[in-house]
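There are two complexes below, and they share chain A, which is joined by chain B in the first and by chain C in the second.
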Partner chain A sequence: MINLPLLPILIPLLAAVILMFFPKRIKAQRFISLLAIGATIVASVVLAAEVKANGIQTVNLGSWPAPYGIPLVSDMLSVLLVLTSSILTFFVVWYAMIYMDEKYESFFFYIGVMFLLVGINGAFTTGDIFNLFVFFEVFLISSYLLIVLGGKKAQLRESIKYVLINVISSALFVTAVAYLYSVVGSLNMADISQRISELGNTGIVTVIAIFFLMVFGLKGAIVPLYFWLPGSYSAPPIPVLALFGALLTKVGVYSILRTYTLFFTQDTGYTHEILGVLALLSIVVGVIGAVAYREVKTIIIYNIVVAVGVILYGVAAMTPASLEGAVFYLLHDMVIKAALFLLVGIMIAIAGSSHLKDMGGMIRDYPRIGWTYFVAALALAGIPPLSGFIGKLLIVQGGFEAGDIVGPLLVLISSLLVLYSAMKIFMNGFWGTPKEYHGAKAKSANRLWVPAAALVLIAIFYGVGTEAIRPFITMAVEPLIDPAIYIEAVLKE
Partner chain B sequence: MEILMSIVVGVLFTSAVYLILSKSLLRVIIGTALLSHGAHLLLLTMSGLKTGDAPVLLDGVTSYTDPLPQALVLTAIVISFGVTAFFLVLAYRAYQELGTDNMEEMKGNESND
Partner chain C sequence: MKKPNDVILQTVTTVISFIIILFSINLFFAGHYTPGGGFIGGLMTAAALVLLLLAYDVKTLNTILPFDYRMMTAAGLLIAVLTGAGALLFNQPFLTHAYDYFNLPLLGETSLHTAVLFDIGVYLVVIGVTMTIIQTIGESE
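Our next item is the complex of A and B:
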């Protein structure tokens, strides 16, 4: 049972290796990948129960004592993220089985998804900064495969930009690790944190903090490093887009959350001020993009930038309430973004176009899809009984507690405009005069609805059952407020 | 020695940035290769270039160079190999499909405007 934190990484890895032997047998591919993700979910639930009962779980790979080997650390935050990403992947893969053509599926699609899950679960679980880089590369290389699979012209064009941006940010990551290693002489995250606090407030640590903000900001799409996102994310097919939109940028956000609460806590007046300003700018730019476009995918894509800004604003404020809000909102946003992309994907499948001018009156033939989208849009904006509310409430409260007025107000106004942008899709797509649709996949719309509706249902439970989830989130926030808990758990003995 | 290496790394980074900002896709890929060379060299340099024996356990040797950055560089090198190979094939496919290697011509959104 000591090796429990390994399972969410090992199970999809093993499944991916097995799947590689028979890429053309689609039924077996589907069955084994769903089975593997199901097993990953079970393992994460068991792990969450274990962490709840016995505190932070660590595994020192190869039994090397803490600062010398690679540790895997499962605190409540990383367990919750692993659980959420596994659940999302399950429903997205289910959706993909209906949505994708067989030809598409027989070219290593499920294997790519499995390796993506390996990389993401690994990045959430690792306790070593260079190992984090390696897991970043694992999911990035799988995402290169998934974004270009199919080989349409737009995909080739956009994936070149996507690969280029990520190659540059990976080189910057190596550079940042090199600087950090020369200053503290360690790669273990708990050990680094301890040594930085012994070092005290020196200029070079602040420089490295900003360097890491650049690296993770490029992955997580904060302003002004978000420029690659709208183009690249509009290229791949919908299930892949849902995976990317829900998971990939959130790994960048998690890394900022982790490093800015564990490493760079000495000179928060400077580093967290910059983080806060950039987060607010992300909200503004994301909202402008979401309001400006009438293309359904692009609207939701800009909403990713808004959400990243809201979460990072919570991180930058650094009060217990705002950190708790940031974790609440992070989990909510992963679920609801995946659900929205899947629902918008059904609209595109029906209309055969992703532009609002080609849609209208869908509520008449597809009432279930329409009302599911309506609930998802309300949850996105943070209407009280639904999932987005408590996170934003705590972030706003934390912002006011930190003595800031502009930030919380911007967060509130952004909710309004986010609601406008999501309702724009609802009112133009589902209401109005019905149009003629020539979507090739319109027949499978009602089957596609099932996994999407399941995700919306999870979002509703997450909102209604806040009281039940709260103890988990509170536990996840503890090591963020007091890094000593994390350090002690990793460097025990 | 570290100062000299830092200058070399700086030159590599400068050339890489210059190449990445150019129009031809192949120049961009050469730029990314130089960028990863620079990053790897920096990783070795920043751990200190003190003289010592190669990190192989032998009798009678007391002072070794730091083995950790060498392992890190080895990992980073294979990763960037993989990514560069993928990127080169991607560029080749894009050249076949799009008929250009000019980054300026790889824009537009004809599908959704």
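Our next item is the complex of A and C:
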């Protein structure tokens, strides 16, 4: 089946279109969306096996040969990301079925989620820079729908900011692609990489590299371009927030990872230095935010900024170990952020408030939720048997190998503060004297726990089974270290 | 207030809207060889419908053209996706198109291309989306 790389995009797309015919029939909507995401997971697993066995898979859409048409390229990195996003979406949609009320679900909610998955899977898979832009728009426009759906006052206010920021960054993206196209004359990512290396070290390529860093930094929320994130992400309901926090910023991070290992490898002393400094600043700012707030949602939201910084620091160091660590940490962070948002969402559902001062002693009535959260918090900080450990270890090792001391130390200190911020929620929310709760959704708390616990279980397996996963990650890192592998697979001549 | 009598506008509209729709269909089919195509064709058809909306009102338009524009958008998307996915049945890459020459009874030798099916999808989506936006804004108080 030569169209295998396409299936994780095509299945949710077809499902979204079919769902548009009967938006008010909620049972059918739920059933078809779960079925379609399940099929997407199966397709991604088959694709991963295929990539493992036979190397990078490409499809030239419309049968046009490589530099002229649009290729879809599935290397191990993109397959793993597609698989992770599909699994996350499955559990978040499951959670949403219990969490949302029917009125909300009947206004194109599942259709929005399916289109979001199309955009994200497409962005991870495409091998064409302008097609990447189109897939960015697909998931951004779906996210505009999801952020405003419900029409609460805060949602309307924050969606205006969110749309404004993203429209500006999309315009910058188009401009950056226009610059790049006028310099190299190609949009195919493998072809661009080849032509830039023929061009050698010219100033304009460095300018374009910084331009792309600005664009993807706005999408992926690095300091100083993260300012829109805390407000915008606190507005939508919890399942939507879990999707956003786990997936959207990571597409920006993936794009930086891809462009900075494939295109801009000429003047790394300048571009990667700036990336490294911004990544470390993101860690600092994110940690300050996570420690400062006592609102459970906001604490986890600032942890997104920390994680983006840690991953990008791994990218900036550009050693094999740090790149491997970045990929490990990227996958871990997607899973654990979704799990944490879902767990925090249960706490909010029980307490009817998102502030720690209204919570306390939840462990008495909800021990399962409490201990699941405890494990998730340890995994977030990177305690050895759990999922966050190996990624951070490799990033720190890579940082030291690259001759840097400040960076790895900052990463280590940040882990401590991240642990403090997550434990703050546990100590104040689950321990202490029990309080009166007025949450309307407290009854469904134990049903909501199931999908969240499933994600934590995945995180545990990811940590315990590191040895089994490592060959896949090593394979994912190969084209990042040596772009020639990627170029050869796409342009095969 | 007395309702103004816009008999001239309505008479002209009945004639003009047909001409606009014919022009939009011409634009749609000309797309492969000359400027035009699904997007501008769909926009032009929607413009004709908007002219009808201006001359009459939302209710009247729904009586003469009882379409559900949301369904039209969905149908257009479905046609476009399935056209692309049709290539999967022949184990070709997605969106691979096929064409051939046929002797049609009235038109003589004509080239038929599956890209037209994709364009019909685009055409329906553009009409559906434009009319959904205009009707939704028009109906909200």
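In this section, the second predicted complex is superposed on the first by the 493 of 493 C-alpha atoms of A that agree within 3 Å, B and C clash if a C-alpha of one lies under 4 Å from a C-alpha of the other, contacts with A are read in each partner's own complex, and residues count from 1 in each chain.
The working rule: a residue touches a chain if its C-beta (ideal position, glycine included) is under 8 Å from a C-beta of that chain, and two chains touch if they have at least 3 such contacts.
Keep in mind the model is a prediction, meaning the values are calculated, not measured.
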Q) First (chain B), second (chain C), both or neither: which does A:334 touch? A) neither
Q: Could you let me know whether more residues of chain A are touched by chain B or by chain C?
A: B
**Q.** Touching partner for A:63 - first (chain B), second (chain C), both, neither
**A.** second
Q: Please indicate which partner A:318 is in contact with in the superposed arrangement: first for chain B, second for chain C, both, or neither.
A: neither
Q. Mind pulling up the chain C residues that touch chain A in the complex?
A. 70-71, 73-74, 77-78, 81, 85, 87-88, 91-97
Q | Of all residues in chain B, those that touch chain A in their complex | A | 20, 25, 28, 32, 35-36, 38-40, 42-43, 45-48, 68-69, 72, 75-76, 79-80, 82-84, 86-87, 90-91, 93-94, 97-98, 106-107, 109, 111-112
**Q.** Residues on chain A engaged by chain C in the complex (per definition of touch)
**A.** 1-3, 6, 10, 13-14, 17-18, 20-21, 23, 59-63
Q.
Looking at the complex, which residues from chain A come into contact with chain B?
A. 130, 133-134, 137, 141, 144, 148, 151, 153-154, 156-157, 159-161, 163-164, 167-168, 170-172, 174-175, 177-179, 181-182, 187, 231, 234, 295, 297-298, 354-355
